[in-house]
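Listed after this line are the structures, all set down as structure tokens.
One chain, chain A, links the two complexes that follow: it is found with chain B in the first and with chain C in the second.
Up next is the complex of A and B:
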């Protein structure tokens, strides 16, 4: 077991390393993107450009520049090329908004995704199932930023039911915090709840046809116990997998949602940096996002072992 | 005629494809949505007809300072405050049917039709690219296993860990600035092929993984052993034996991938790193319309509704296709290097908000 964990950790570091190299390469093949030129401004003298180049180390070899940048990422000394702000500080500032958005939305979409998926599967083929299927497929077929724009227009600008834009700290005013986040939460949750309910429905239908479910019924277990102990437990596995991937990816920046609702989280910072072709913050945000994707994948594997006794027994028998 | 009549007699003599077609024909909902998709295709293909004969303007022609006669009354296409004219329906013989698109005073209906062409073209072309490379990589990794598999699977892990929208935006920015040079082919920054290549590329891992899993399972089957015993080489086994067994999976993935790619295109275009101005796509039209959402909400609602209808049609039809091709389709698991993914997850990958 210890060796297994060690191997997974080495794998995680390797993936993060590759992601950082890929990011660095993408931003070093851009034509006309000499950062010194950009920083010096439009009417810069060659001397100014040369001094900036030297000061920031842009004349070092690319591997050297990569190493310097990575060292700064981990020591927290990374400075943006365009705004000259400390990148790590900006990311830390964005974390509360991004985490509030993701955790709240995830709670809503898990609740409705599981509820609707369960009802659909139990009533498969009936009217309730059909109605919920229509809702779910419509939910996953909408551009999420478009839905956000429509909500904002009709529920904020036109009727002022919800406050417009911005993020209020939870510690500052919990009521304001929630009211600013309801629309972003709901928008994100509609997309994912639709998707999760579809996945849960099909996985429950598969499990309900398994022999062990028939056996459980034959033993005379109550329907409630069959559902909770035998059906749901196994049907939730794909949901857990998806949740790991989606939640990890969202923490890395819900770029569109944060941008439209002006939440000033990590995602909005990422987009700002991207529009300025500003490599240091992009590198940091990409690593930040990839880190969560990789970590949540590992957590998913552990959750598997808990949900599926076959996996757990398989590892302990070795 | 003989095989046809046998097939009609019952399932005993029917090929799997024929059975699937029969199941699909019974799925009215899926067929209705396929019909909707064809209607949308006809709508965008009719763009030049509408533009030349009814609207008498092109998708990128501006009419900022012009006036048009709506039901005999002269009206500004764009009024002095910058507000574009709203839908006039047939008030001006079909000109500005849906109004103008903003300060530039372009015909919204004409742009909607031409923009739809771009959105659909990007969705379909990028799905072709994704499907081709995902199938090839999945076949190679699943067939050869060993270090070939390790290299491919690790490369996919890296792309998978990269937040997909961030990667697509980064590539979009880089390529929109400098264009792309592949051997003798040069694509300029505004080329529609740039979003096609980017979207096709970033979606590959989401499809290559399940294909690889399927190949790993298939290659243990007896028919592969039989082919090898008859002296079939690697290529023959991969493309003659394994590939035909993957077709049904590939077709379903392809359909759903078009839907997911259209959503990704709209997001990239909305952020300004997809289709470049002055060209239209439904995503860029939402971006233009969004700046006027409080005064002219239809400019946001209409292109978004077109995306919704198209993606919905593809998703519903794709689900029906899956049910028809694989009636017992199960959510299978491919446990590998800890990253596991259910096969059902292809539906909306790439829509990371």
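Up next is the complex of A and C:
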């Protein structure tokens, strides 16, 4: 286990390094990205641009600039080019909204994804299965931005059932916190719930044909026990994989949803930074997201070993 | 036959598939006496596994149609509720499957799967007692160091050990009947012999009535008291072990016997085989289902022969073949040995 974690830590550093270099390189090769020019404004004199270039170190060699930037990322001194705000502070401010959104939505989609997938598989071929299949495919097919717009139009502007966007701290007013988040949660969860129920259904149908499920029946277990203990446990492995990747990626910011519902989380910050071609926040948000993807990948591997004893972590396997 | 422990009468199992209706089992009847070993022999698709699984209700589904009667000590199982069947499974009829590699759930320890079987039927048994029983069971089927191995995962067992553990699990509740569905097919030859010896010992020591399903007559010769030969969903011949081996009546049985490897005869260039492939159950020939592969086919074969006793001296020995006993005894000899003979075409 110790070796496994050590290896994963080394891997994580390598991934973050590669991601940061890529982001940095891409930013420097795209046209019209010279930050000094942008900071100086539309009608800037060459002198002003030159002085900004020197002041911010844009004339250093690229590796030098990269190192400076990475040092600032990890010491929390990174400053946005366009707003001159401290990037790390903005990200920390965005975390509660982003995490509230992701954790709530994940709870909803896991609950319904597993429930619907289970019912579909148990009643495979029947009317319930067909109905749930239509529901799931509809959920997957609806674009998030469109669904969000529909919700906003009918449930906030026309009927005013839910508040229109914004984020209220959980500690400030839990009720308001929830009512502001319900629409974003549901919007986000519908897509994933549909997807997860389809994956679980097919995974369960595979497992239900396994010999060991027949054995379980042959030894006289009740159908409920066969399903819960022998089918579900083995069918959850692909769900765990998906969940680790999706949840990790979402924590890095659900850009569309946060933007549409004005949640002011990390995702919305990423959106602003991208619109302004503002490297420091882009870099920080990308690393922030990559960090969670890597961490959740590692957690998935640990969960695998728990779910399937044939998988052994580290080098202890013979 | 009032003393029969398990009595199967005119069992018919059909499945609705996308390609059409398949009659997997078509009118199978037999009795199993206490302590008896009955072998059901046949190729893949002959309906032997479906017969076995139907006895404990494992083939019930929206797509299957099951008719006939299966009585265990007089109680009808085909119409029993799912709850009743759950009690019968494991408690009164134990089942062992072909592939020990896939028949255990890979994510649970061997011991916990045995404990699960015990506690499903006897919920009042403490985990500790069930654990001790599991160790005793594993020990009784010859798992060395059972005390320690009980907590192993299935992938830590060898194939032979897994099949032993499988047998141990099926015996956990001391059923009266054991159905072993090709228990040795997936195993090495040396391990096969050990598993057969184990089954024979259990039969002898516990008086365990056993239905042994196999395609291998060599396995049958080792342990069976009586033999049922199945082909295309029907029983084509039944009799005692000696009757089947020394006086086989149905050409299909001749073919099975002729294709056995035997050490007591000179090595042949090529082992005799039954030409052609087993018929598709979707498209069985009318009459005798074996006739298209049978070199002795004649015009009467288009009519289905009944499973009748055709020998005065052996009333229990029945077969489905129109040839007279004299014709059979003459034609089954190929170069002095029992065999199917060359196809006439």
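Throughout what follows, the second predicted complex is superposed on the first by the 310 of 318 C-alpha atoms of A that agree within 3 Å, B and C clash if a C-alpha of one lies under 4 Å from a C-alpha of the other, contacts with A are read in each partner's own complex, and residues count from 1 in each chain.
As a working rule, a contact is a pair of C-beta atoms (placed from the backbone, for glycine too) under 8 Å apart; a residue touches a chain by one contact, two chains touch by 3 or more.
Treat the numbers as computed from the prediction; the structure is a model and nothing was measured.
**Q** Who does A:178 touch here: chain B (first), chain C (second), both, or neither?
**A** Neither chain B nor chain C is touched by A:178.
**Q** Examine A:277 and indicate which partner it touches, taking first as chain B and second as chain C; both and neither are also allowed.
**A** first
**Q** Is A:128 in contact with chain B, with chain C, with both, or with neither (first, second, both, neither)?
**A** neither
**Q** Quick one: name whichever of chain B and chain C touches more residues of chain A.
**A** After superposing on chain A, more of chain A is contacted by B.
**Q** Is A:220 touching the first partner chain B, the second partner chain C, both, or neither of them?
**A** The answer is second: A:220 touches chain C but not chain B.
**Q** Pick one for A:140: touches chain B only (first), chain C only (second), both, or neither.
**A** The first partner, chain B, only.
**Q** A:70 contacts which: chain B (first), chain C (second), both, neither?
**A** Touch partners of A:70: none, neither chain B nor chain C.
**Q** So in the superposed three-chain picture, is A:234 touching just chain B, just chain C, both, or none of them (first/second/both/neither)?
**A** Only chain C is touched by A:234; chain B is not.
**Q** Once chain A of both complexes is superposed, is A:170 in touch with chain B (first), chain C (second), both, or neither?
**A** neither
**Q** Pick out the shared contact residues on chain A: the ones touching chain B in one complex and chain C in the other.
**A** none
**Q** Quick one: in the complex, what on chain A touches chain C?
**A** Those residues of chain A that touch chain C are 125, 210-212, 214-223, 225, 229-230, 233-234, 307-310.
**Q** Where on chain B does chain A make contact in their complex?
**A** 154, 157-158, 160-166, 169-171, 173-174, 177-178, 259, 263, 266-267, 270-273, 283, 286, 290, 293-294, 297, 300-301, 304, 307-308, 311-312, 315-316, 319, 329-331, 333, 337-342, 344-345, 347-348, 351-353
**Q** Where on chain C does chain A make contact in their complex?
**A** On the chain C side, the touching residues are 53, 56, 58, 62, 82, 86-91, 94-95, 97, 99, 102-107, 116-117, 120-121, 153, 155, 166, 169-170, 172-173.
**Q** Write out the stretch or stretches of chain A touching chain B in their complex.
**A** Chain A reaches chain B through residues 8, 11, 14-16, 18-19, 22-23, 26-27, 29-33, 137-138, 140-147, 149-150, 152-154, 157-158, 187-188, 191, 195, 198-199, 202-203, 206, 237-238, 241-242, 245-246, 249-250, 252-257, 259, 270-271, 274-275, 277, 282, 285-286, 289-290, 293-294, 297-298, 300-301, 304.
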